[in-house]
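Please go over the structures that come below.
Next, two complexes with chain A in common: one pairs it with chain B, the other with chain C.
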Partner chain A sequence: MRDCVFAIAGSTYREAVRDRVLWVVFVFAAGLVLFSRVLGWLSVEDDLKMLQDFSLSGLNMLGLSLAMLVGAFSLAREVERRTATTILTRDISRGEFILGKYLGLVGVFWSCLIAGFVVMMTWQILWGGGFAVKALAALLGLLCESLLLGAVALFFGALTNAILAAVGTVVFYLMAHSLEALYELTIYGDEVRGAWFYKMAYKVLPNLEDVNFINATASELPVRWDHLGMGALGVLCWSIVFLLGASALFRRREL
Partner chain B sequence: MIRLLIALVCIGGAVALRGPLAKANALRRAHQFRYTPDPGLVKLASCGHRSSLADLLWLQAIPDLSAQFADLEHKERWLAGVLDVVTDLEPTFVTVYAYGSAYFDLIKGSPDSTIALLEKGVDRNPESIQLRVKLAMALMTLRGDRAAALEHLEWVMNSPDCDSFTAGYCSSILVDDRQDLVALEYWKEYLDSANEQVVGVAKLYLERTRQGIFMRAWEEFQRVEGRRPFSLEELRDDRFLSPAITDEVLACAILTDDGRLQFPRLVEEEFLRVQQRTKDWCEAYHVEHGEWPTLYQLREESKIPLPRVPEGFELRLENGQLEVVTEGS
Partner chain C sequence: MASILEVRDLRKSFRSALSREPVQALAGVTFHVARGECFGCLGQNGAGKTTTLKVLTGQIAADSGQALILGQPGSQPSARRNLGYLPENPYFHEHLTPREGLRLFGRLSGMKRGDIERRTPELLERVGLADAADRRVRGFSKGMRQRYGLATTLLAEPEILLLDEPLTGLDPTGRQLVKEILHEEHRAGRTVVMCSHVLSDVQELCDRVVVLHQGSVVRQGAIDDLLDHDARAFEISARQVPPEIATRIKQQADKYHEGDSLLRAVLPGTEAGPDFAVEITQGGGKVLSLVPERESLEEWFVRLTKEAAMPVEAAATEEVSA
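Our next item is the complex of A and B:
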């Protein structure tokens, strides 16, 4: 990989870190982690379970918010400020530009998620909980999810304007998290209209539940690391597909 | 100007709507409106946050378990629905099964719902000792189904995490069910354990089981003969005790000259158990406070039930060691 890709990744990372939106989103997620203790107090026995559940859900929402507010706006900002035109006049292809942006965004997402996880674990240990290896599975799942959401945000960013890209990223998130439940409706429930469609969608569309280990972490379910590995591989494949799509769309775009 | 007018009209409209809306809200409050969601759709709407959604629904349901509703039928429908949804969203949420079954049993008084919820819990969490014990208790007390209760209790007894209370409960059912030998053998198996505490607990429960068998035989004798036995030997009868355990069971009791029953070995084992618990508690106290507790502090601060001592004797606590000594010694 050429140095220019890393240079773009680095500048994307620095630019995102300077963005106030990122800090607002991060503080909101950290606040949710801290607030989860209050919900724990309201429960009867499962205070630490509630803390873990809501904290991990908060981190998941952090990943989505970052993809939506930082990822989807990232490309549009470059085009709007004409910095993309300046960069692309040099010896760098549009595909490399997209890849650089993507790596920078993933770096930002991962830094925020890991920082949020550290806040969560510190908070949990402060309230008498221990560090469970299972929680790492949830974190790894969140990192994988942000890998795909970053690629999707860039894809929509290359396809349309920033607002629509953000909306598209949210719709993708909702769809990719609902596939499992839709499939479940068709196999356990009564006759569902359009069941064949849900079954087909389950097979051919990206499923973010493959890397969702939040439920397994907080409950007593065992973590299957091989499932996480397979899920991560699937997410990686889809990320490459969306990146290629983003690259193809960006190549056709007039700057 | 027109824009300002439109804004004013809109504000006026919103304020005018406040009245009817307040009435509608009051109506909902009066009816204690609760939305009971469909499990399938909730899963769909949860978007991967099943645990958190289950937590939220459960937090909403907790105060309603004991709350007074104007419409009782509505309360029952809501709680049955929400318990179903929460356990579908998170099948491993053991607390919900435990508290939900307590609601069905104690507040609603519905044995079938209690057992159905616990069966769902055990079906989805077959390794949960807590749920198995609760189900066994429900089956035994609400349905009188000894066989089904024993099936779950025996599973628990084979688990290394089985507590002495559950094992005691199981052996009492076995005794009631005239499976005396099994009940006794269960505790004897632990007498060879390398763990001293396990041996102590097993000795205590073995004596309690013997006493339970003895008392059952004693009561059956009274029922059949219409009088109290004059001597323990009168219980040596197939109708009351199986020959395989007669000697062992009769040896646990003494019938005094004035006709009182005593169980000296059980009293001794119970005292040893109290001594052990006292020692553990005192050691923890010593670590925390840097001094040994007095007998008064033991009585007031620990929850250990201290035994009654016969006249002329008293309890003494010295360096965590509890003893019975003659008064004034």
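Our next item is the complex of A and C:
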């Protein structure tokens, strides 16, 4: 891989870190983690379980917000503000540009998610909880999810403007998290309308529930690491597909 | 001289969302730029200058024709390795400082880190931004952005400089600075291609020009060959001019000024100026200067574009009357 890819990645990372939006989103997510303790007190269940469940869901929302507000805006804004012009008239292909942006975005997402996870674990330990290795499965799942959401955000960013790209990313997130539930409806429900469609969609489209270990971690169910591995592989493959799509779309785009 | 940049029968149409008819931006543009020359691309707004540069730099694809940089299509990234491009109103990442931005552009151009670190302070000094090296671009004025843009263009010492309105938005000092830099780069053997509306700058800097009008080339060649060299008038400055001669000069002059025994006048035609100079000398006066007034590039351009627009206007009039 050429150095120009890493140069774009570094610039994307720096741009995101210096943007106020990132800090607003992160502070909000950290606030959710801290607030989870209050919910724990109100809950009839194990209050630490509540803390972990709510905090991990907060981190999940952090991943989505970052993909939506940082990822989807990143590429579309480069085109709208014409900064892409000054970069793409150098010795760099559009595919390399997309890849560089992707690596930079993934760097941002992972930094925030890991920082959020550290806040969560510190908070949990402060309230008498221990460090559960299982929680790492949830974190790894979130990191995998952000891999795919980053690629999807770039795909929509290459296709359309910033706002529509953000909307597209949210729609994808909702769809990819709903597929499993819709599929289960067809198994357990009686004569569900459009069952064939849900079954096919479940088999064909990316399923983010494959890497969602939040419930398993919070409910202290056994974590199947092989499932996580397979889910990660699937997410990686889909990320490559979306990146190739983004690259193909962006190559045709006139600046 | 060998062509370093070549545009062959380039055609490009745009289709707007509102109109069904495509708008032809380039209708078969052909020109070439030789290595080491300073080349100007002229035209009114919408003539196709920026579209040509966009095709050359791979920002948009042409419908047909070729845009070659050192024999390679400009759409290929490797062709742009030897190109430094400054767009009109350049936009940069606002969160970066010039030092960080130059590091980014250096890496994009395949430069070694050591070379980038060495060139950066030199260039920032050269474009007058040494004091702003660590300030974010966000707070820069238009002129500062333009000079920063020029620094990013020069960083990798490319063979070709492709500049779209490089002097726009600069104050007089900035304009002088940028012109000096372009002169220096040209003297150093670099090929400079610039689009500009400021024709006096083009005349000062360029060897050859191409004139585009409504997406077509209407004229190209060396500036000296294109302009009319016959003097249209003479400007005469003289002292102690005999009153009788001064009266006759005043009657014939387009412009006339007399004061403190100094007479200055612009005399139309090719003969009146030199004739009066002889008369003044013979009458005991002293001719300080006799300067021929020739057609400027700007006057030539206005005349040319009016001529080029005429058939179109005539056709439009016919269409309306029909």
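Note that in this section the second predicted complex is superposed on the first by the 254 of 255 C-alpha atoms of A that agree within 3 Å, B and C clash if a C-alpha of one lies under 4 Å from a C-alpha of the other, contacts with A are read in each partner's own complex, and residues count from 1 in each chain.
Just so we're on the same page, contacts are C-beta pairs under 8 Å (C-beta built on N, C-alpha and C of every residue); 3 or more make two chains touch, one makes a residue touch a chain.
Computed from a prediction, not measured in an experiment: that's the story for all the values here.
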Joint occupancy of chain A by chain B and chain C, clash or fit: fit
Which superposed partner A:Asp3 touches (first chain B, second chain C, both, neither): second
Touching partner for A:Ala76 - first (chain B), second (chain C), both, neither: neither
Which of chain B and chain C A:Leu22 touches, first, second, both or neither: neither
Partner chain(s) touched by A:Glu254 [first = chain B, second = chain C, both, neither]: second
First, second, both or neither for A:Val33, with chain B first and chain C second: neither
Which superposed partner A:Leu88 touches (first chain B, second chain C, both, neither): second
Inter-centroid angle chain B-chain A-chain C after superposition on A [Cα, multiple of 10°]: 160
Chain B versus chain C as contact partner of A:Ser11, first or second or both or neither: second
Touching partner for A:Cys112 - first (chain B), second (chain C), both, neither: neither
Chain B and chain C, minimum CA distance [Å, superposed model]: 29
Overlap of chain C and chain B interfaces on chain A (superposed complexes): none
Chain A-facing residues of chain B, complex: 40, 43-44, 46-52, 55, 58-59, 62, 90, 92-95, 99, 125
Touching residues on chain C, where the partner in the complex is chain A: 54, 57-61, 77-78, 80-81, 83, 85, 87, 90-93, 95-96, 100, 104-105, 107-110, 149, 152
Residue ranges of chain A in contact with chain B within the complex: 39, 42-46, 49-50, 53-54, 56-57, 60, 173-174, 177-178, 180-182, 184-185, 188-189, 208-209, 212, 214-215, 218-221
List of chain A residues in touch with chain C within their complex: 2-4, 6-8, 10-11, 14-15, 18-19, 81-83, 85-93, 96, 254-255
